[in-house]
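Below you'll find the structure I mean.
A, B, C, D and E are the chain letters, set down in written order, and residue numbers restart from 1 in every chain.
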Amino acid sequence: ATKSSSGNGSSKSESGDSIKVGLQAPMTGDNAQYGQDMKNGVELAFKKINSEGGINGKKLKLIVGDDKATPTEAVAVVNKMIMNDGVKAIIGGYNSSPTLAAQDVSGPAQVLHLNMGASPDLSKTGNKYLFRVILTGSVYVPAVMKYMSEEKKVKKIAALFENTDYGITMYEAAKTSAKDLGLEFAATEKYNPGDKNFSAQLSKIKALNPDAVMVVGLYNEVALIEQQAKQAGLKVQFFSPDDSMYSKQLITLGGEAVENHIFASMIDLNADTEEMKEFKKLAEENNIPAQANSAIAYDAAMALAKALEEGKADAEKSRDALANIDYKGITGPIRFDKNGDRANTPMIMQVQKGDFVVIKQSE
Amino acid sequence: MNSKAAILTVDQLSKSFGGVKAVNNLSFSVTQNNIHAIIGPNGAGKSTLFNLITGVISPDQGKIRLLNNDITSLRPDKIAQHGVSRTFQNIRLFPDMTVFETAFIGTYLFTGGKLLPAILRTKEFRKKERQAKERIEEILQFVGLWEMRNEYAAKLSYGNQRRVEIARALATNPSLLLLDEPTAGMNQKETKELMQLFTQVNKQGITILIIAHDMHLVNTLSDQITVINFGEKLVEGPPEVIHNHPAVMEAYMGRAEVNA
Amino acid sequence: MLNVQNISTYYGQICALDHVSIKVEEREAVSVIGANGAGKSTLLKTIIGELRPKSGDIQLAGKSIINEKTFKLVSRGMTLVPEGRHVFPLLTVWDNLLLGGYTLPAKERQQRAEEVTEPFPILRERRDQLAGLMSGGEQQMLAIARAMMTRPKLLLLDEPSMGLSPKLVFEVYDKITELHQQGTTILLVDQNAEMAIDFCSRGYVLMAGRLAGQGTKQELKESEIVHRSYLG
Amino acid sequence: MDLTKKSGVRKAILIFAGIALFFLPLGIVNPYFMYIINLILIYALLALGLDLIVGYTGQVSVGHGAFFGVGAYVAAILAKNFGLSFWLTLPLSIVVTSVIGFMIGFIGLKLIEEYLVMATLAFGTIIWLVFLNWTDLTGGPMGIAGIPAPPTVKIGSVEFPFLQYHDYYPLLLIFVYLGILITRLIIKSGFGRACTAIRDDELAAQAMGIPVFKTKVTMFTISSAFCGAAGGLYAHFLHVVSPETFAFGMSVTILTMVMIGGQGSIAGAVIGASILTISSEALRETPELRMLIYGFMIVVMIMFFPKGMMGVFQMMKKRFLQRKEQLEKPTVEKEGLSYE
Amino acid sequence: MFVDQLVNGIVLGSIYALMAIGYTMVWNVLRFINFAHGEVYMGGAFVSLYLLLLDTPIWIAYLGGVLAGALLGYLMEKVVYLRMRSAPKLNLLIAAIGISILLQNLAQYIWGATPERLTSPFLSKNIQVGDMMINQHYIFIIILTILVMITLELFINRTLMGKAVQAAAQNINATQLMGINANKIISITFAIGSAVGALAGILVGPVFLVYPTMGIFAGLKGFTASVMGGMGNIPGAMIAGLMLGVIESFAAGFISSGYRDAVAMVILLFILLVRPQGIFGKIVQQKV
């Protein structure tokens, strides 16, 4: 729709002494907590950059847009950020479906889009302005599946996933990987975003008696699922593919029920690196919780700033700069392949005694 | 009493609600072009009878015929199509409509509810709309509401609201008009005016079946009176017969005879 | 007892009462007559506090009640039998009556309900029928009986005989006569003008929202305007 | 006499303004504004449609968001999977939505009040769940993206390709005009009056010979057809459809537009759509407070303007006329007939 | 499986029942669907949660939440609905939706979007029935629901004040003419209904978490159940709530979890086809 409309709107941002960057993330609704974490991370990064003089003398200005975790709202808000505010780049979204829809708008408008969706489909868009700052599901999933098979010796797996791009594609990836590993998928149950009652699905899973259950969804929901599983007497190993689990909140909500939960992650908040220490210090100074998602968003913002600096905020040049970036972030080295994906490998984490512990380092 | 043919025939009609026999084996007929009054004590079943005739409720037993058509248990709109129109004892106006608009609804059967002509605004459609408006003007002048045509009907005083109901009923161009206590809440002068109105309506060839508690009205206006009590027919006859009938006195008039 | 001074009541922009003053003495029975739309119901609604006059004052036993809420006035002994009955259609006949006695002590209610239904045996027979399913006249009886539950000191009646059979009209008038004799003050609006004038000792004539005249029973009966505009 | 003259002048002004509106894009540079205006037009069509059944017929529906969705999905699926052009998908959207609307109306309109609200909610939910769960056809929660633009329109030698938001505007405007025209023709007819009578008192309407159920179902079907058209336009305009757009919240939004604008009024529907769309977009500046203010605004508007914006205008007009009357000395005839 | 789903359904259903009772109670007095009822439910849960964080004893925290819910409902009525007495019901419905949006987002603004878990003294205890384990908290919910249902049913239908509530809904002017302070009665009933809503939220808190948008789900289910049972009918609301829970549970277990709500809606529509006034609703005849 916006093929030729981008030229008009972005003229606004050329003038002035700031560069506008959009955050497309869920700020209200069930997913709002993720958006909040991301906003915290980006703001932290921008604060740091701006206090150090900005980018080529220009300050970074954040425009927050609430995508409500839905595709159409994402399109609406990205439209607005690009055409009205003239943002140079967009960080977000968090959820795969809205990101997939929104990049259809940002791509033709030549706006950098650094997202945090996990769906492997995000690698297939052909949009060269789209980059992903977490790992793709097709990396996370095999990693955790391999661990479950090799270390935990599970044979029969049940899956319970949210009925979204994210859930479905992660499940598809798990199926492929199960075939490779010679595992059996016993049951596949879905739920719709927002569901709070999983007893029916859990009863069904229980009846099939699997060795482990893979859950794909929000940590709130995973906490509930494991609570309810416990109440239903379903006592098996739970795991999930990626670090969207990585939040104190999982433990606060799930309590004992989430103990031993396993997932693949690209970040370890307890890591003993310079970058992590600095991030935590910054977070503390600014009185925000040091959450995994904030750290990832922080990294995204720092990488983006670097690219904008190198590209002098020119759309094409900045894109090339980002594509070739080599930046040492909290989440490890940031480098993108031709699909805009990161090449890092995840580690495996587990909830132990109310904390997140690395049980297998990344290879 | 020009013609002897019955326009409406009610045959052994019964309706009970729980234990209450509101209408009980009632038979009577209304002669074409007559003004026929139904009287009876409160709760005798008069309004129930009207509701049965107009299809608002269905009888348990019995038949209702209009000319040669069996209209028993038809839907109210079907019965209206047969040329029966009514007013309600508890006034039922359209709260958001002006007097004119309210009466205009009565022309539905004339203008029709077809969509296609409306959207194409055919010649026929426009002609009918125009005629309908002219007719409403006539009727409103006739019932004395023309001056108030742009007022909201529901905001008029009680008596004038009754006139609106009558105008609306007339607009359907009925052959049989059912009036349920049309003069309730009106003073003698207004009642008199309405009585003249009814006579004129009747002269236009419309048969009137009227429920009223006003004996003066009933006696002056009606050609025939049916008295019902406990849902059954007590007596029937022209006013002279009913006037001094002891059973009617007893059940209905009480001491009113002194005044009459 | 009741002193209405120069009130004007409006419905939005429309003036329904224009500087109307009336007075009702203790134990008096006073009627208000007037054509359709003259403002009779508006007057009663204004007195009972359902409508607020734009100007003027209303005093009950010497105190202004212009800012009193309806329910307060009722608990102070004033009651209105509204035009058009207004029974609670989805409650039973008996519940309607008991609600009429809401301000009475609980013990008295049942007995009082029996008392007020004495002239209307049908209400006793149908005590468990939903009020909305009663016939028009039966509902009118219920509305009258319900208003009597509290033994009001000042009874406002808006067309109490509407929809009643001739026989019952007499019974209702008998009943209010009896109440009047027992000391109830009555302000009556009735289209049955002859009866209303006969019943009351004094009366007011309303025309198009203005007071067009007043007088004793005799004066009204002989009055030219009453005959011309009212009795026809 | 005077009357016809006056309405003639009025008509001329309206027609002129209507044509002038086509040139609006010339004055608007920011494509985002154009985007919002286009959205308003789509919502206006929805509000007009819902107003037919809610405002004019008095039957509350909280399922119209789903009809919008049916229109959008039909267009999306036909365009994506079968490669049909916009000029085919749109009529088919309308037809399919009408058929579904008819069926739902036929079952639901036997009910009244809360029960009708519930039934429309139930149907809406079912349809929405089909969008959400029939992944093979509808793409499930991801929806359908990449819906093509309408093909280029050629008038003589001039070409109108659908590239920018500016290009969609005339198309959408034509549909809104069409919607307004049809609404007007319907409500100013025996059928339309019958609907209003049903809204005000079903039994009295029936006693006038109006077949209540049939009339309601017919109006419900027309109403859903409007939403179907809006859906088809939306799909081709936004190029993406996804289920949550058409959930309960959308039904409520359309209903709120109708109420805020003033039900039973054409201008009201358009005004309501404009107010809610603009304020919702304007509030994006403050994402954290956005919905909070939005909710507050709705409460305040509905509390203080119970008849919506149209009610406010009418009151102002009345005041104005009264004042004028006082100045000019009242004439005998105040206003003409309400049905011209 | 079957018994599992049945128990799941009953537990879920008793929460729906409690919501439905609150709805119906409010409907009884104002004859409209208070779509903001779900936000009372949320508000009550949040207040309890924060009282607990202040180390308030659990029963006091629960009670505090219930009272807060009552107060919230009371305020809603006083500030908004009272001023809309003469407005059509549809206006009230829209106002309620506005309030609902407002409160949801206000809650998020104050408390953040992150879900929290309320504690329950019973949640960690299970009761063994045959080879089934039933959580004590669920039994607590069911018992409370039944108690609330009986109390309110007695109040509405057996006391004169309950009759006055119904009267106020039918004709508010005539109610005043009986010497009844109708506005006060409405306020009280509204507060009671809201307290029930808050109670539901508090009881759900330990099971389904507490978060700003929790009321949406509750609102829709409660509304559905109250319609299914017949608006205004308190035992009907309870039974329909239980039915709805069981239907959903079976639908999710044996048909499809994605279509769980759709199955429930289809059954609801069937019920309405046969009984347009809900299962226990009376056909309100109107006499003309």
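Here are some notes:
By our rule, a contact is a pair of C-beta atoms (placed from the backbone, for glycine too) under 8 Å apart; a residue touches a chain by one contact, two chains touch by 3 or more.
Here the structure is a predicted model, which means the values were calculated and not measured.
Under the touch definition stated at the top, chain B and chain C share these contacting partners: E. When chain centres are set by their Cα atoms, the one at the greatest distance from chain E is B.
Distance from the centre of chain C peaks at A, each centre being the average of the chain's Cα atoms.
Chain A and chain C have Cα centroids lying 74 Å from one another.
Put simply, the C-alpha centre of chain B and that of chain E have 47 angstrom between them. Work out the mean CA point of chain D and of chain E, and you get 33 Å between them.
Shared contact sites, meaning residues of chain D that touch two or more other chains, fall at 132-133, 203, 288, 290-291. Among the residues of chain C, those in touch with two or more other chains are 133-134. Residues of chain E in contact with two or more other chains: 105, 258, 286-288. By the contact rule set out at the top, the touching chain pairs are A-D, A-E, B-C, B-D, B-E, C-E, D-E.
For chain D in complex with chain B, the residues that touch the partner chain are 182, 185-186, 188-194, 196-197, 199-201, 203-212, 215, 218, 222, 264, 334-335, 337-339. Chain B contributes residues 47, 51, 56, 88-90, 92 to its touches with chain E in the complex. Within the complex formed with chain A, the residues of chain E that make contact are 1, 4-5, 8, 11-12, 105, 108, 112-117, 126, 133, 135, 208-209, 211-214, 216-217, 248-249, 251-253, 257-258, 260.
On the side of chain A, the complex with chain E involves touching residues 28-33, 35-36, 163, 189-192, 194, 196-197, 199-201, 203-204, 206-207, 220, 223-224, 231-233, 249, 252-253, 255.
Interface residues of chain B facing chain C in the complex, by the touch rule stated above, are 17-18, 20, 40-44, 46-48, 89-90, 155-160, 181, 184-193, 213, 215, 251-256.
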